[in-house]
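Shared between the two complexes below is subunit A, which pairs with subunit B and subunit C, respectively.
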Partner chain A sequence: MSHMEPTAVIPPLAGTASATHASVSRRALLMRRLKPYLYLLPAIVLLIIWMYRPLLYTCYLAFQKWGMVPGTEPTFVGFDNFTRLFRTDSFVHSIGNTVFYTVGLLPFSIVIPLILAVVTDGMKGKSKNFYRAIFFIPMILAPVSVGAIWRWLFHPSNGLVNNLLLKLNVVDRPIAFFSDAQWAKWIILFITGWKMIGFAVLMFSSALTGINREYYEAASIDGAGKFRVFIRITAPLVSPMVLFMLTMSILFASQWTFAYIDMLTAGGPYGSSTNVYYEMYKNAFANMNVGFSSAAALVFFVVFGLIALGLNALSRKLSFYDN
Partner chain B sequence: MNKRSPALTLVQHGLLALMCVIAVFPLYWMLISAFKNESEIFTASMFPHKPVLTNFTYAFDEMPIFRMMLNSFSIAIMTGVFQMATSLLAAYALVRWRFRGQGLIFSILSLTWLIPYQAVMVPNYSLVNSMGLNENIMGIVLPYAVSTFAILSLYQSFQSFPRVLIEAASIDGLSDFGILVKLILPNIKSMVASLGIILFLNGWSEYLWPMLITKEMENAPIEIGLRLFVNSDTNMWGSLMAAATAACIPILLIYILLQRQIVDSFVRYGMK
Partner chain C sequence: MQGWKKGASLILALTTAFGLTACGSSGNNNDSNAAAAGNASEPAEASASAELPALDPANPTKVTFYSYSLAYPTMKAGMEELLNEFNETVGKEKGVIVEGIADTTLTQWKTDIQAGKQVDIVQHGFATMDSSRQTLGFKAFEDVFPKDELESHLQGISPNAQALGKIDGKMYGLAFTFSTPILFMNGKLFQDAGLDPNNPPKTWDDVKAAALQIKEKTGKDGFGLAPNNGWTTEGVILSNGGKVIADDRKSAEFASDEGIEAIQMWKDLYHSGAHAVGTDSEVTEQFMAGNLGMFLQSTSVYSGIKSASEAAGWQVYGAQMPQFGDKPSVPVNSGSMLAVRPDSDIKAAAIWEFVKFVTGDRGYTIITSKVGYLPLRTALADDPNGLKDFVDQNPLYRVNLAQLDRIQPVAIWPGEYATEIATAFTDAIVKAVSTDADVRETLTQAQDQINDMLQQ
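Let's look at the complex of A and B:
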């Protein structure tokens, strides 16, 4: 470790100051000690104002009843909001949907992209880059544009998807994709997944590119089959990336679906496509039930925090690294 | 690996081509729907036989699209610049010095990653309201003036910079700030640019917060304006797709121009 520690030792320049300038150099020394904090100040102050102050305030609101109406004061209700969480059907239902979205997204964030990355990896530079650039397009589009386009494609009476299904005689009546409880959440899952694939392909591709080619050469000299090579070499060496994508996917799936839930179904029909984050939003800004929303936010902050810790521990334990 | 059989290669390209169609077709459909006339819009035709511009004129009449586009650019650029400035300073301090509380600061930064926006939206909404910044671009930008994602990404980039050079510059009398601006930044500018692209795109695509702050199209970024339009005029699909096309064009242009850099940025830093 070659870290210089200017806060602990007097740096070379300050050493030229003589004893008569003791007070000056003491001030300089103080400045040096303070310097790291000064550089960090803007970031930390902003984080406190916009992240940690509100987080604490949410903790406070979780024990209150409040409708966010100007001029009204929150009233203390103890653990009421927390007990109500698990007695409210719509909320319990949204937990089930959250699990559905989280698990359902894994094929889109891991399985399909891994296959695509492996297939493109063996190709020449040009076609490889072309495919990857195309796959990536959905990723850079903003969620509202994406939501609008898919809303049109899946339109219940005039959308292209229904048009084609009718023409091909797959169905005899158009499907109301967004207001049919059987379809709504699948459509939202599909759109979220469609947007994710390109990013995941890119991440897996870069992990594959990082694998030393000599392993493959050695394996082919030893006469190992393709499948064996994948299981013995490729899979272990991309496993850190798989775990990374798994973590991202599990932690953020519910956030990524939020925009499409809001734009396409507003959580309906009958709460069949909502998730916990959308319920928090709806309770705070539509039902004016801030305490309930805050309690939910806190519970799931802790739940996702524990999941993150677990996954982090798992990735330390299981990952193989190419050293 | 040249042993691949031609049949397998064909199957592979077929699969990839199919995936490309799935990825791009919705965009194509948006584009041609925007040019279809009223009698054609509800058909499955894959090309507008008599392309019209009426959808665009209607959309531009109904929505202040240029104004909203300007809002979007201002928001994305300002959040990007603020986040970059605060994280350059913070990441530099974390790399340059060892100091008391450094571990604590890393914990604070990593923890922020896990705070869902829904857990802070109500207090932030009240604060922005009481500051009188509702329906104001600054109300959208300020809570996003710092990004721990940016700080940790830059920290990682700064660490790749040789320490010896920093120490040499320090002995030569370059000030601490000078080392950041004159020595480190010019040498890692491609990484900074990469991160800048991601921050810009994030600012452009932000959903929940701008939606809470702006209810009027005049003050909204284009994406939120588009959402208002979708929710109001559900049967003007041609105009809606025209508006969506307008909203996508800046991002698509940037992607076409900077495609390599954008892809590299995401590979390097992942996403928020």
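Let's look at the complex of A and C:
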């Protein structure tokens, strides 16, 4: 007999169970799909605050005239900052110097360190680490100390370099290295390069350590000479690191030279050793013209962005990976 | 799945936009906060009144003082003594605490104003005061300090010195550390070269002859004036009857025949083989090391030179700035003035107490004897309770004081491009003097460039 038993539990209405189930699973699905983006969110927020917001703000300021003084308002000046930028002699000179520093730093960031890394890689025992430590020491010295040491060495009347040159009769008058336009930028380049070598040697040494030794043994059995081994085995296998250092060197040459320009020449004599970054800094914080400085920053953001893209493409094309 | 990805991307985009808006609005808040706090930059609240409000010693008012002298090794100790003495005496009694900030870059006060920090008093250079007045909210003394107290305080300071910080008839800076260039001489090198430091060179021709003699007899450089010195150059041009800037301050005039002739003379001396090479600091170090016969420089470095010479066993002598022929030389002033940015009447009262102390008798006694600058209250040099003993022991200061009646103010470049103009002027001089560049062409080109900036 079938009859309805009284029950304390009211049966669910038709359709309710499946609706609840669907709602829960939809929420779970939503959470599951949102999760990776939530993990990304802190990084993205920080990037927005520290990178993209200043970038957009720079774009805005490039069209304004403003001294960044609290209580004052920027004035819209259209493209005035950009037209003035390319009419300003010191800025045009600074572009030439930036190219000089960028190209001039390549031997210090690639050629010399690669040679030093290869030579020390073949050394046995403690001597390898000893030499690498010597090369690396300049890298860990504070730029201010480095600047002070080189300033003392190159001093026109009291410096060791001039005294030596005079004693050896190489020159008959002391050279004012930091106030002679023919010397100032070469000295800045040399000091920056000297400091850079240690870091680059370390990078190339680590790349060399990663090369499978069996290739060298095989080449040795086949009777290959040292130069041929370098060209056929070492060079292709360190090519990703060479391209990485090339990118770093080109993109950061201006930043690395900045400290020594500021400390040793202040861009002089008559702007002959300045670079674009130093000009931007001077315009924003000494000349109080942040609009002009932002216009310069924007132009070089685009220029360096294009260079970075080009190097990226080059890296994909030329790098050889031992997979 | 694609739809979800799009949805999630949309959420991210919205978050990004929100972030940007939030950042933007926070930036605006900062701006408005800064505008409120930083009404220091437009401190209209601090107004000239018959009397400033009373300070409270129990609740002292703090003011900041940005000073490049605090960052110079040869001046630091003296400047710290000045601040400490103020804080321990007048400051404690009246209720003012002055915090000294060493401005190593000479631009830190600018960046701190930009950052919305409290910048109340600045040891400010002369050349760019007009630009700071226009863009950084510095106030005229007449507008923020009581008129009668100001007039009474300025008694004893020569009108020439008071005029140094005046723009459009108002005092935007009161001369503080102040000097003129004098010809320092290394007594030992002079004697070794057969010259008498008590009979110093008077004209530029005499200087060249003495420099060559020192070089020939001792092997050391005879004379030094760094081309990038910035301000002494102006005295060289003025001494030959030239001008750096027009009287109405609307155009540069240094590329006149007189100006070009003066710079040409310097260039000839520079390339004579007896002139020191290097930057201003390098030439200063060369003189202090005893490797330079004569050095044209501000007396502000005297304390450093004196201790270096005593340590090395040679005596330093001083002479007036060299002249062209029989035309008396026209030195300009070096140093700085006090420029003020009070943002309230109580701050103005605190700043005023500090200004009165450091530019008063006691202040100048410390500045001259411990830092090395001249006393703007020149009577102190003959006051037995002031600097008489010190000046008697350091007769070199008499040389400097004697030049004061011929002094002319260093050029105050007008308008917002003052810093760029000052740099363009110095760069042109460096190029004209130290390289093979044609003097007339280089100076004329720089003058045209500066005049373009002045007309913008």
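In the analysis below, the second predicted complex is superposed on the first by the 272 of 323 C-alpha atoms of A that agree within 3 Å, B and C clash if a C-alpha of one lies under 4 Å from a C-alpha of the other, contacts with A are read in each partner's own complex, and residues count from 1 in each chain.
Here, a contact is a pair of C-beta atoms (placed from the backbone, for glycine too) under 8 Å apart; a residue touches a chain by one contact, two chains touch by 3 or more.
Bear in mind the structure is a predicted one, so any value in this text is a computation, not a measurement.
**Q** Answer with first, second, both or neither: which of subunit B and subunit C does A:N158 touch in the superposed model?
**A** After superposition on chain A, A:N158 lies in contact with both partners, subunit B and subunit C.
**Q** So, A:L189: does it touch subunit B (first), subunit C (second), both, or neither?
**A** The answer is neither, since A:L189 touches no partner chain.
**Q** So, does A:P174 touch the first partner subunit B, the second partner subunit C, both, or neither?
**A** second
**Q** Please determine whether it is subunit B or subunit C that touches the greater number of subunit A residues.
**A** Partner with more touched residues of subunit A: B.
**Q** Answer with first, second, both or neither: which of subunit B and subunit C does A:Y37 touch in the superposed model?
**A** After superposing on A, A:Y37 lies in contact with both subunit B and subunit C.
**Q** Examine A:L114 and indicate which partner it touches, taking first as subunit B and second as subunit C; both and neither are also allowed.
**A** Once the two structures are laid over each other on A, A:L114 reaches no partner at all.
**Q** Which partner chains sit in contact with A:G268 here, subunit B, subunit C, both or neither? Use first/second/both/neither.
**A** It touches subunit C, and subunit B stays clear.
**Q** Which holds for A:T58: it touches subunit B only (first), subunit C only (second), both, or neither?
**A** First partner only.
**Q** Just subunit B (first), just subunit C (second), both, or neither: which does A:D89 touch?
**A** In the superposition, A:D89 contacts subunit C only.
**Q** For A:L141, using the defined touch cut-off, is the partner it touches subunit B, subunit C, both, or neither? Pick first, second, both or neither.
**A** It touches subunit B, and subunit C stays clear.
**Q** Shared contact residues on subunit A for subunit B and subunit C?
**A** 33, 37, 40, 44, 49, 52-53, 57, 68, 155, 158, 285
**Q** Give every residue of subunit C touching subunit A within the complex, in rising order.
**A** Within the complex, subunit C touches subunit A at residues 4-5, 8, 11-12, 15-16, 19-20, 23-24, 27, 31, 34-35, 37-42, 107, 110-111, 113-114, 116, 131, 135-137, 221, 226-228, 273, 276-279, 282, 285-286, 289, 291-292, 416-417, 419-420, 423, 427-428, 430-431, 434-435, 449.
**Q** Which part of subunit A faces subunit B closely enough to touch in the complex?
**A** Interface residues on subunit A, with respect to subunit B: 2-8, 11-13, 33, 35-40, 42-44, 46-47, 49-55, 57-58, 61, 68, 116, 119-120, 122, 127, 131-153, 155, 158, 160, 163-164, 167, 194, 197-199, 202-203, 206, 216, 244, 248, 251, 255, 258-259, 262-263, 277, 280-281, 284-285, 290, 293-294, 297-298, 300-301, 304-305, 308.
**Q** Inside the complex, what are the residues of subunit A that reach subunit C?
**A** Spelled out, the residues of subunit A in touch with subunit C are 33-34, 37, 40-41, 44-45, 48-49, 52-53, 56-57, 67-72, 89-90, 155-158, 173-176, 178-181, 268-271, 285-289.
**Q** So in the complex, the part of subunit B that touches subunit A is made up of which residues?
**A** Residue positions touching the partner: 1, 4, 12-13, 15-16, 19-20, 22-24, 26-27, 29-30, 33, 41-44, 85-87, 89-90, 92-94, 96-99, 102, 105, 108-109, 112, 114-127, 142-146, 148, 151, 163-164, 167, 170-171, 173, 176, 201, 204-205, 207-208, 211-212, 223-224, 226-227, 230, 237, 240-241, 243-244, 247-248, 251-252, 255, 259, 262-263, 266-267, 270-271.
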